[in-house]
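What follows are several structures.
Next, two complexes with chain A in common: one pairs it with chain B, the other with chain C.
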Partner chain A sequence: MNEKTKSFLFKGWILLSTLIVLAIVFYIFGYILSNGIESINMEFLLDGPSGIPVGSQGGIFPAIVGSLLLMLISCVFASILAISTSIYLVFYCESERIKGLIHLITQCMSGVPSIILGLFGYTFLVLYLNLGRSVLAGGLTLGFMIYPFIQVRVEKTLLEVDKSIINSSYALGISRTYTLFKLILPICKSDIVSAITLAGGFAMGAASPIILTAAVTFAPIPSSLSSPVMALPFHLYILTGEGISLEKAYGTALVLILLLLIINIISTIINITRKEHK
Partner chain B sequence: MSILKINNLSVSYGNKQVIKDLSMNIARNKITAIIGPSGCGKSTLLTSLNLMIEENGGSISGEILFKDKASISYEKADIRRMIGMVFQTPTPFPFSIYKNLTYAPKYYGIKDKKELNRIVEDTLKEVGLYDEIDDLNMLATKLSGGQQQRLCIGRALTVEPEILLLDEPCSALDIRNTENIEKLLLDLSDEYTIVIVTHNLSQAKRISDYTAFILDGELIEYDTTDKVFTNPKDNRTREYIEGIYG
Partner chain C sequence: MRSLGEKIFESIIKIISLFSVLLLVFIVVFIFKESLIFFNRVSIVDFIIGRKWNPLGAAEDLSIWPIILGTVYVSIVAILIAMPIGVGTAIVLSTYTSNRIKKAIRGGIDVLAGIPSVVYGFIGLLVVVKFLEINLSLAAGESVLAGGIVLSVMVLPFIISTCDESMEKIYEKYSQSSSALGVSKSYLIRNIILPESKRSILASMVLALGRGMGETMAVMMVIGNAPIMPKLLGKTQTIPSLITLEMGMAEVGSLHYHALFASGFVLMLILLGINALLYFIKSRINV
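Now for the complex of A and B:
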């Protein structure tokens, strides 16, 4: 086989792979759109579920709110931990051994299956800490899940800041802490926000960590952090798993996908505006 | 009169000794040039003077007296405020020009908006950028290379240092910008003590009052620029000036 045919075949192969993936993505989205669009109306978006069994009628408003709340709690919890860890690793930790250990732990955490995290959340948060099946317990469990995701990205962003820029701040006699808050974090701000948003989308779509810790078949909008909630992925699972209403399930799936799409678009926009600034 | 006295200074990175038993005095309100081939320890010497060497993992022995007091007996932050530094490639913060110049004054507790505006205006005038800039809110990274370097010099001046260290400040710049910076340094030397590392011999000749020649971490010759360039005592200095070393 000569070089020309090889390169032709290679190009054909990568083009084909791209097309197959794109086709699958569009097919999934198109399929859900065509099946789900009919159930989407104001009542579906703004009412609670009703009918017997619950969910066969009515809407998914509490689940939308529940999912957004879970995302918010998990993002706040995970990003505080992840940003602090990354700052420690990049600017304060001097022992290579501790750095290696923390990286190892983070990697292990990202490898834990999410249903196991759910089980951990159930035994530790729900039972041991007595938080009960609640939006707080679910949010924290999701936080454990997305923590490695955020930590790795934030650390990478911090490491990318030009060392000579940091040194010129130190050369002005300025403290490490001031440099961190007034120079380094502002430089990394949009990258960090974009990592958190992406992680939020990841948390919102996950069902297994919340099955045991937060989600219930029916609940009103939570009145406090200790109330159980409805969540879109869990609602979807119940609607199909129990054969309640396939039509509503497609509607729910469409809403979930649209929300995730919006989150991803926001994250992309943040990234683009950052690039333009540079 | 000397503002800095360096006595038997040795600097090493791990096992590697970069500066060997070096002693010299830096005269107040003069320009002192440090010349020598690449890797001879010029930049290391410079970063030892404001203790930035510690950020790069080097260790110092010997004595550096700043205004007749050992520099290690000052707070590290105070030494760095009084001995400012400008790096080889321009390092503007990716913020507006205004924020670049108010960054350090705000840290040192100046909150008053009028005072901050005055500092920005004075500094821009001092480094000759005042007439070249229309919009203070423009990103500093959008300035040209030479303007960025002058902004960095200005930023170092906002904390009112007494000494300004410059590490090959013109090596990334073209001739016209180099000329601008040299003129600026000459103007500034009325008020500040300037120590400049340069590999550009004609630059050292043009602007400096004193020149130190360093080879392999040792101070070979240190005298008025005129003497070093016209009548060097050491053969190695003569060879370097005549272009024998790279």
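Now for the complex of A and C:
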């Protein structure tokens, strides 16, 4: 094969693969949008599911609220743990060995598949701690899942803060806590918030951790932390898996994707405004 | 002198950090402890290499060789499909595009990574499975191939971003000298950049394998879930889908229940091995 043919084949390969990737992106969105747009109306968004079997009529309002609740709980839980660990690692931990150990454990954790976390959540939280299938159990399980995600990003942000600012602050005799709250956290705030929103989107789309711990086919809007919930990904799974209603399934998928897009856009806007201030 | 508030804050931070690390360790230990009860009855080797999965039968009838094979098979099919496409796209992104187009394509790929797996499963069931049924005239389109196709789309973003990152660095390193020598771009990429980024390509493959084997929803919805020896066009079962489907039905404390923990433990071991391999490969990438 001469150089010309080789080059031609090579260019054909890379061009074709890029086109395939772009086509997949457009196809997935076009498919969900064109099929789902008809099922979306005020009734679908603001009513509970009804009909026999449940879900074949009505809407998905409890599932939207349930998904947002699960996202909120998991974000609050995971970010408290993740931000504390990152602050500890960057500003308080002096032993390299402990740092290495914590990094290793976090890295291993990010490789554990979500279903194993669901299994843990089901047995430990739902059965042993007697939380029952509930918003709380599901939210905590999702929290385990997104913890490494937030921790890695927050730690990276904290490390990126200019060391000389911190050292000057210490040199002026300002306490660590004061430096942290008045100087470092304000610099990192938008990065941290953006990491948490991204993780929240990730948690909201995940179905496998909540199948065993929180989600049920039909429930009203939860009245307390110990009541079971409906969630969008699980609702979509049930609608398709049991063949209840294809039309409602398209609508649910579209709502889920739109919510995630909104979350992503919010996170991007937070990042952009930060760059303007710099 | 440090004030009291300072000390209290430091202690709180330390306690929460300790708590989160212990929690992570506890999860692994807990899964191990629950599966130990099963491994006391059946040896881990028999559990792995046995070919029968019958939850209602005796302890010896619970083994997961076909299911492990199914898990690996689906991921490998996915990688075979996704690798050429992913590497090709990464080359275009890192060398051929202007900044603006690069940003736009990367945005699209990020969006692809953000789609929940249940939506992939949904589209896979309605599009891929139907397509296979019609075009290959199968009785049921749920198969290893369908799982592989759906999974390949899901791992594409990981492959592209891993390869793209290091290819861009290598390209920056060589582009000036190569254009000064009058070497064509395509020659440069084929003879310098691709061989140099061998390790990153391998790393992206291992990463995709790990992601694929742990994937639950999308795969579960399109593979038919039958614990038999996997064939490309036949139904199969993966460990995550096995746990998801059967955990709710298994009586707490029964052998079946502990066997599901045991399969989760085996999956976790495999993935820890894969992650260790990934760590090893990544540490040897010197760009």
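The rule is simple: the second predicted complex is superposed on the first by the 259 of 278 C-alpha atoms of A that agree within 3 Å, B and C clash if a C-alpha of one lies under 4 Å from a C-alpha of the other, contacts with A are read in each partner's own complex, and residues count from 1 in each chain.
Heads up, the rule we're going with is that contacts are C-beta pairs under 8 Å (C-beta built on N, C-alpha and C of every residue); 3 or more make two chains touch, one makes a residue touch a chain.
A quick note: this is a predicted structure, and the numbers were derived from the prediction, not measured.
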Chain B and chain C placed together on chain A: clash or fit? fit
Winner on chain A touched-residue count between chain B and chain C: chain C
For this session: Mind working out whether A:187 is in touch with chain B, chain C, both or neither, as first, second, both or neither?
Result: first
After the superposition on A, what does A:173 contact: first (chain B), second (chain C), both or neither?
first
Rounded to whole Å, the nearest C-alpha atoms of chain B and chain C in the superposition sit apart by 5
Residues on chain A touched by both chain B and chain C 175
As the complex stands, chain A meets chain C at residues 3, 6-7, 10-11, 13-18, 20-22, 24-25, 28-29, 31-32, 80-82, 84-85, 87-89, 92, 102, 105-109, 111-120, 122-124, 127, 144, 147, 175-177, 201-202, 204-208, 211-212, 233-234, 236-237, 240-241, 246, 249, 253, 256-257, 260-261, 264
In their shared complex, chain B is touched by residues of chain A numbered 162, 164-165, 167-175, 178, 182-183, 186-187, 277-278
Contacts from chain B onto chain A in the complex sit at residues 50, 52, 55, 76-82, 84-85, 87, 89, 91, 93-95, 103-104, 106-107, 139, 141, 152, 155-156, 159
So, in the complex, the side of chain C touching chain A is made of residues 2-3, 5-6, 9-10, 12-14, 16-17, 19-21, 23-25, 27-28, 30-31, 34, 84-89, 91-93, 96, 105, 108-112, 114-119, 121-123, 125-127, 153, 156, 160, 184, 186-187, 189-190, 210, 213-217, 221, 240, 243-244, 247-248, 252, 260-261, 264, 267-268, 271-272, 274-275, 279
